[in-house]
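Below: a set of structures, written as structure tokens.
Here chain A shows up in two complexes: once beside chain B, once beside chain C.
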Partner chain A sequence: MNVFRFELRRAWTSATVWTLVILGLMAGLIAGALPVFLDSRANVEAMLSNFPPEFAAAFGLELDHIFSFGGFYSFGFLYYSLFGAIMTAVIGLDLFSREKREKCTDFLMSKPRSRDGLFLAKLLAALTLILLSNVLFIAESLALYRAYAPVPDAPARALLASSALLFTELVFLAIAVFAAVFARKVRSVSGAATAIGFGGFILSALQSILEEEKLRYVTPFKYFDPSKAFFEGSFDTPYVITAVLLTLGLLIAAYIRYTRSDVPAL
Partner chain B sequence: MNLFRRELKTGLKPFFFWSLGLFALIFAGIVKSSGAMSNGAFMTELIGRFPRIVVAVMGMANVDISNFGGFYAVIMQYAFVLFAVYAAHLGSAAVSRESVDRTYEFLFTKPRSRSFILAGKLLAAVVFLTVFAAFDLLFSMLAVRQIDVAGDFTGLFARFALAAWFIGLVFFSLSAMLAASFRQSERGAKAGNLAVLAAYALAVVYDLLEHPGALRLLTPFRYFLNAEIVELTFNLWFAWLSALLAAAFFSVAFFRFERRDLGAL
Partner chain C sequence: MGYAIQTSKLTKYYGKARGIIDVDLAVEEGELFGFIGPNGAGKSTTIRTLLGLIRKTGGEASIFGMDCEKDKVKILEQVGYLPGEVFYYDNMRAIDLLRYSASFYKKDCTGRIRELADALSLDLNKKIEDMSLGNKKKVGIVQGLLHSPRLIILDEPTSGLDPLMQRTFFDLIRRENERGATVLFSSHILGEVQRICDRVAIIKEGRIVDLKRIEDLRKNSYKKVSFTTAAPVSDFTLSGAAKIVQDGNQTSFLYSGDVNALFARLAGLQLVNADVSEPELEEIFLHYYEGGEEKA
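What follows is the complex of A and B.
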């Protein structure tokens, strides 16, 4: 309990700032740009009528999807995921490399607490922060959905779509915890977190441009697709399985390493 | 000289991993480009019909993916981000590494001035940044051979690599300055990384404004515009601005580093 409280107290400020940034960005994007976006549909339709019918047919079907709350929501999702991934990576790296960075592993480990207990307390603290942040994110998403969607008749799907961020962040938490536990030295939490976050961002952008299905298996931002959740009420099963296996695998490996590794003297 | 050689050796491993990332980005991007370019004219026209803000958020502002040059420019936008993050790492590591590792007492009691030591470290980092840009050019030239596209793109690749080097230099010097200005090394590193993130956000804002004007000065990611580079020009004004900024940031870094308290915080 002490460890849990200590970690929460140390990490909550940066988590709060990141959460506010994400919430502000989403509110700004949807309130500021969604109406303009929906109005531009006529413009796109006019252009499509100048193209050969097979183009229009292939693309026209998607128009209803693109020009809707869900379509617009998933445009911004790349950025919510970027900030969310950096936030989670900061939390994971910070909590799990704290003793390593401050060279006080022996201090913590010599307390009458099992290493399992310490690992779980840290993990629980990280999960608490991420869950709280996402409760706010989901609540705001649903509120914006009610206020700005032309026909807000599927709140259950909006709920599923907005929880995509939580699931994505859990994958990044596992990556960060794994990195923190296995790295010999963590010199800078923010440096490593920025690299992890932007790494995911670049992969995601690359996958969008190339539309290569195989690449999606290594692109955590694309495991949970909010537009798919909006229109079909589910995520893509193969990628969900990948995400679950990856998350559990990394966490179990980190757990084993954390509970068994030798503690360096300094 | 000893210091310089040692710095090259310690920096080699991270450099290798960053190069691997760059390699993956460029190869995947170029080799798979034909699929994305096949209906590029349609996509470019389509994107033009969307409101500016959506296009900017998608990262597709002012691009024309109907030809190889325009498509390569999209890939390079992401390579610029890679350069910036790596450069921020190089800058803060050059200044703070000894403090983080608690080896500063060992190094700074040697009969060399702090400025001499910092200069050696920064020089080694510039070498890494330069080789990184050379790799960017090399990977691009190797990757383009794998696909069937007519024309010689060496000049285009070289201009983009040079632009990436200048962008990297600005972030490198900035994060070195920030690292030297904060007493706690983690605060300095955080400020450097936030600068990259903020500059990227400003670049998106730049894209979504009709007349961004002076905003361009604030974000190195827009010092070298795709359209300019694709059309055979290299913006010397902004190259000079980058060099000037770097010189200013480095001077502050040296000034602060000479006077700061060294510690393990």
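What follows is the complex of A and C.
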């Protein structure tokens, strides 16, 4: 428990800041822009028709659905999940490369704890932060749905759609933990986390432009589609399975490496 | 009495690179045991294998009769470790780090932290990253001793400590030893091993080359001999003499063997001056290494 508490105490500030950014962005977009956006449908459609369709796709605009709460929510979701992915990557990289960065692996690993225990304590601390952040995100999503959806008659679907962030973040947590454990050196947590987040974002934009279904298997931002959740009440099973396998695979590989590898002398 | 540390044919390769080969050690409980060798000889590799930081390639290692890999957690509860270079988490005061360190052990270490900090005159409220190397080292010492371990493992512990602090440090270690703690002290500086240890193992290129009591090492093995002659002696030889250095009228060497043979040989020379003394450990040590390559 002491390692869990220690990690929570050292990581909670950045998790809080990122969570506030995501919550603020969503509140601003939906409370601030959605009503105006819905009112000016004709103007927006006219403006978008001047751009090539790839442009709109790259930024997550799905024209069939955009003029509804679900469509607009899904449009903003690409950005919430980008920030969410960066936040999770920060948490994963920070916790799992802490001793490596600060050159005190010897300190931690010569304490009477098994490496399994250390890995689990760190993972639990990361999951705790991510879960707390998502409880707030889902609560705000539902509150906004109630307040701003023209007909808020499907709260279960809104709940499923907003849970997409949590699931997406879990995939990114696994990527970050894997990267932190296997990297020889982690120079800057925020730099690496931004790279992971934007890497995913670029893949996602590419996939939207090319509309290549196979590419979607390597695009974590597209595993859990909130639009599909809103309008059809489910996620796409093949991608959910991909996400689960990828997450477990990366975490298991990281676990094996963390618990078995030699700690290099300084 | 049982062994605090026992290894048999302990071997570690890093890929193909040699770490240690067939290391046999038996450190008795309550002993102050020295472990000397130059950098790269395998001291740290041995210690890190004992601590479970690295996995052995072959052989056996146990501490207090428990297997170093299988019973690692139980062993580490009774071990205090001070690495050569100390690094800790950023942005932490010494007291926070020490409290975190103490939280791994099932006992209250608060009193002990204060006591050790006082003995070392360490300011616990300072941030560790703002400390000098010496003060960081003190944090490391407190961290290694705060749970009153049964076995203390010191890997090149004195670098960064001024001579006065070294003395305080040695006093601390001696006191822990009197309390019953076993100490494994690794160093490449022989003076300090000589100062504190009962027995010493000498390691060279991954293998233990000798194991001796400090007194025996000094008393029975080698004499340091130097003499000056009226005229240069060309190509001085004597069986039992090693490291013969000749410089003009001066000749010096290390001698092991019958003292009578030594004096009989010297008596045949026109001596101006002669000196026979106990060699420094350092010089004995060099003897083990002559011909061998030292790796940094």
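Just so we're on the same page, the second predicted complex is superposed on the first by the 239 of 266 C-alpha atoms of A that agree within 3 Å, B and C clash if a C-alpha of one lies under 4 Å from a C-alpha of the other, contacts with A are read in each partner's own complex, and residues count from 1 in each chain.
Note that in this section a residue touches a chain if its C-beta (ideal position, glycine included) is under 8 Å from a C-beta of that chain, and two chains touch if they have at least 3 such contacts.
Only a predicted model underlies this, so the values are computations on that prediction, with no experimental measurement involved.
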For A:Thr237, decide between first (touching chain B), second (touching chain C), both and neither. neither
Once chain A of both complexes is superposed, is A:Ser49 in touch with chain B (first), chain C (second), both, or neither? neither
Quick one: classify A:Thr13 as touching chain B (first), chain C (second), both or neither. neither
Would you check which partner chain A:Phe37 touches, where first means chain B only, second means chain C only, and both and neither mean what they say? first
Quick one: chain B or chain C, who's touching more of chain A? B
Is A:Asn2 touching the first partner chain B, the second partner chain C, both, or neither of them? second
May I ask you to decide whether A:Cys104 touches chain B, chain C, both, or neither, giving the answer as first, second, both or neither? second
Chain A residues touched by both chain B and chain C? 103
Please output the residues of chain A touching chain B within their complex, sorted ascending. 29, 32-33, 36-37, 40, 43-44, 47-48, 51, 55, 59, 72, 75-76, 78-79, 86, 103, 185, 187-191, 193-195, 198-199, 201-202, 205-206, 208-212, 215
Which residues of chain B touch chain A in the complex? 21, 25, 28-29, 32-33, 35-36, 39, 42, 45-46, 49-51, 53-54, 57-59, 74-75, 78, 81-82, 85, 88-89, 92-93, 96-97, 100-102, 185-186, 189-190, 192-194, 196-197
Of chain C, residues touching chain A in the complex: 14, 44-45, 48, 51-55, 72-77, 79, 81, 83-85, 87-90, 100-101, 103-105, 143
Quick one: which bits of chain A touch chain C in the complex? Just the residue numbers, please. 2, 6, 10, 98, 102-107, 109-114, 260, 262-263, 265-266
